[in-house]
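There are two complexes below, and they share subunit A, which is joined by subunit B in the first and by subunit C in the second.
And now, the complex of A and B:
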């Protein structure tokens, strides 16, 4: 994510959209100390992901830039940043809130979209191969029970997830 | 007192008011009020002929109650009350109202309505005046002596000031030596001189004659007459009231006679017990008999009783040439009587070891600013050399980390305010001693807000000190080389840096000194959210507490640099001196009084009183009644509003007086609009009404103003009473929720309004007929808006239908 010429620093529509969502409430506490970045295992590997910058751009109302970037999807949810943030910004949760907004607006990387389909299909993100099943028994783990995919579908339908996913797939 | 004779004095404010109000009608009206025996109209009554007419009427015995309708009541009523008192009647038999700002100006566009409102105001004032009774003033003695708690930079200066002004001062320090945190700091910003100066500050009186007024170490604190210094001592109990406190002090033995010790060092040389020296951040060791640095007060060694072997060893006793060592000394309890207490307990460094990722206390080469200060100090453990504590070798690469546990919601959310300057000072001192040193400061924001402070930042950059904008996440250590690595994102480069370091210096938060909470409990004063002592008002009373006679200064209220601590100390000295100097407190008794017949064994009022003025007293076996301290009570009436049995009242705002006032204000309407009673607290609420009048803002004349000491005095039944006397709507106007002049009154009122609204609903009355408003003096417009809104709302609701009680 780079700052553009058309920076929009007025209004508070986008930051309000984040703070009014579950997990996004603490966004405005951030004072840009960067503890999150130096705590982040992903940020160490790639400049593409910088949680401090995601928050800064959100506070500057750069919604299009934030929502359309791959960056928000790179968080691995290890919560190290959140543990160490001196302002108790719930950074990983803020990013989840932003992802939710992005998803609603139709921004989602293909891989995530595929995950979503997989979940709706059989309740798992990753298909379990026969090889994996055998491996489980050799190390003393019980066989996997079928997922309660029906119940899951009901929940996802109640949240409107299935509809959104359909829209994304069609688009 | 025999027959009540009320005199009514009507000011037309230089005939300005008579352009709006019909004074002839008013005078005719007042004449007819029972009990009024004397009426005068004049231009003004707070000075000159007008004031004389009041005085004459009182002297001649024509009247024994005084009602004055004046303007700018806040300023004029004092003069009137004083004059009346001199003329020979009790000053609390005077009722002053404000026809100008509360009636004439705000209703100038509806003069006939204003005249009708004026009638109601005058009737209310007369009715209240008839019920007024004399109230006495009490005198309480104030001892001309003070206790100063804490012998750091602030405590020493306030002690010196007060002693020089002639008051007896007891300066009590918990540690064996004076100086506090400041003395350990090595050097000070922004003067760049040594911290040791403050360790024995000069009496100005002495220094003018024979030493420099800046270097204070050569003159002697101990030479100041009236000043008694108690080290190794702490406060264990405080009883009594402002002006007359009884203090119990526990003085631990020093085991060395201060009068005999000659500081020859023979005792420390032979002492076999050696421990890490906590004064020097454990960077060196000290003996069981020791002193912190060579230049201390009192100038005598002390024995650490936790480690000394006493009579099993006693080598020091054998070598002492002056027989100064007294191993049989015991802990003493001292009792002091003082008039005032000054708290100057200061602050200390936050324990950074709780922030696990920085490994303070775990990696020896991670140190704090205070530890670094001891290294930089020539008297310190390394004699000024900057070395790695792990091996004593020079530290060349140094990383400093700001905001360690401060501006951190997990530990201390506030900015400690002095650490940026401390780190800049330290970085520069290190860099000038070792120009080849490589120093980086990791910061979130650099805050250099004092005079000359920004030049420190500028100079540091010129000297080549590096600044990294970012708060490190972790300090790790290479197990092979023992070198430290600081992980930090430089936000400006948008890059994660791994800074190598020989030594890392943390700038920990500054937190209240140990024992602050306990001392607050002993003194009965409050702490703020951050744990420091809370001043009475940060803007205007920064050294006072809610208890008269107890003062604060220095770091006790928040971390401060040396110049600010000095300012605060001298300021506290003036406040304390003002209190002590007359030798007495004269306190009028417009305070609370308990009717013991009704009072019964509950604990509501002692718990609610913000001043701790109410205690429970056993009057017969198992039967407790509330007892109000005449000196502590501030007359807010919050206890009155709290008492479930109506067993407590204010002498100057009794229920019958308030009822009479309410009835009076509602007795005449004269407008086509529904009557509104606005009950205002005497502080911000009433002031906001005054300011709307001064600015001649217009609101309808159906809105009537009633003043109470604090909205906290109001009881639920009084809201109903207001409706019963004719109000169709009731406004409660108080200070801001967090700005009550009596701490909690407005919050209590808010709750009662809420409760009453629920009850109103229950009775089928629209709850919005009652509303609480919070405003300050400058918000006259807010009052006007509220008055208009309420009036319009009531017009929409239609007439109030009260259930008729047969």
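And now, the complex of A and C:
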């Protein structure tokens, strides 16, 4: 086999895509010590999630493997790793940046698609039932003020968030 | 009386009238006025951040703009809302370039983030505006028969660089405020570890396994109840106990009370006024221990 033929990419497109995004800037500081893994409440219960591995594979340009994996969605965003990283890699934020890329490439877990629909629908990610709205007055809570969903939709349209979701619905 | 713009969020009005009632009653009684502003939206928590960080930052900034326009600092009850909004506030105050970018997005909705206001979790307001000493003097029932396992949740403390709430490895503010009610705040194993709440809906098995560990450790420490500050931690640990019972055939029967509920009870507010029926794990044995 010709040298280098087995490599996934020749350059650093994937790691550049991560570091050039909000949240992903600190990816390349990682020296693979594993402090993140020993601080992680998820990694101690399952081998399916390992923050050090996600960073390693990203640095090795294994974009398809990272983006299609279940693993990137198993971070519980507790920031324990980020708090303790000796290299100040903003690990939880790097994982957000990777999820953002995954979302754009169409790797989207159903539950996230539901959250996106909900926020576009009425400005909240959890629906408030009629029952709960009526219950408020009987237990002495003030009526809910209207949400700023119209303003929110303008923001979501300006960032292209609404299109991301539309593509999901059409797919 | 100090006034704050109340940021209610989604989960509390949708699911936890017990939290909202107790927080409104207790804070008002302690001299904090809560102002309900129109046009707030979701705070853009981790699920929305996972989809797009730049959009999330803009949504958080939009909500802060409403408080800026009303010339009020913002108070949150939900720890998740606190994190989303306080992180955005700190980030945009520090980063002019990002602020410019976000303001360009916000201009479509007729808003401009200036960075003139603070976002505070209500625990911070209790600690700094009211003070543990004043709380101690205001209570009419003591919780001295109670051993409470405090669980602040991740997003009150981390990322500490931006939230600047308490020592992220050895926090004490929540415990101090529990002890101000006369209760004992008990130590337990892995106290600062996550409840797994954000994995619910994606990997329920993992989420329940993580929550179960919290129940094992607080039970072993002899706690009478767990006290929470976040509606997601509450769901993970309260409703979570029913799911853990059916999945693992293990019963913990550990009452979970928001700090605002413990505070309301200590302030002498009638338990009947607090919508305590919201709890899946009954809290009667906690009410019985009040003196």
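As a convention for this text, the second predicted complex is superposed on the first by the 143 of 171 C-alpha atoms of A that agree within 3 Å, B and C clash if a C-alpha of one lies under 4 Å from a C-alpha of the other, contacts with A are read in each partner's own complex, and residues count from 1 in each chain.
The definition used in the following text is that a residue touches a chain if its C-beta (ideal position, glycine included) is under 8 Å from a C-beta of that chain, and two chains touch if they have at least 3 such contacts.
All values derive from a computational prediction rather than experimental measurement.
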**Message:** Quick check on the superposed pair: does A:128 touch subunit B, subunit C, both, or neither? Answer first, second, both or neither.
**Reply:** second
**Prompt:** Does subunit B (first) or subunit C (second) touch A:35, or do both, or does neither?
**Reply:** first
**Message:** Going by the contact rule set out at the top, does A:76 touch subunit B (first), subunit C (second), both, or neither?
**Reply:** second
**Message:** Just to be sure I read the superposition right, which of the two partners does A:96 touch: subunit B = first, subunit C = second, or both, or neither?
**Reply:** second
**Asked** Looking at the overlay, does A:87 come into contact with subunit B only (first), subunit C only (second), both, or neither?
**Response** first
**Request:** Tell me which of subunit B and subunit C touches more residues of subunit A.
**Result:** C
**Request:** Quick one: classify A:52 as touching subunit B (first), subunit C (second), both or neither.
**Result:** first
**Request:** Using the touch definition from the top, say if A:141 reaches subunit B (first), subunit C (second), both or neither.
**Result:** second
**Fill in**
Dual-contact residues of subunit A (subunit B, subunit C) 80
**Request:** In the complex, go through subunit A and note every residue touching subunit C.
**Result:** 21-23, 41-42, 45-46, 73-74, 76-80, 82-83, 90, 92-93, 96-97, 99-100, 103, 109, 111-112, 115-116, 119, 123-129, 132, 135-136, 139-142, 144-149, 151-152, 154-159, 161, 164
**Request:** Give every residue of subunit B touching subunit A within the complex, in rising order.
**Result:** 357, 403, 407-410, 444-445, 469-474, 487-491, 494, 496
**subunit A partner contacts - residues on subunit C that touch it in the complex** = 8, 10-11, 13-15, 17, 20-21, 24, 36-42, 44-55, 57-59, 62, 66, 98, 105-106, 108-111, 154-155, 158-160, 168-169, 192-194, 196-199, 201-203, 206, 209-210, 273, 275
**Request:** Can you check the complex and tell me which residues of subunit A touch subunit B?
**Result:** 29, 31-35, 37-39, 43-44, 47, 50, 52-53, 80, 84, 86-88
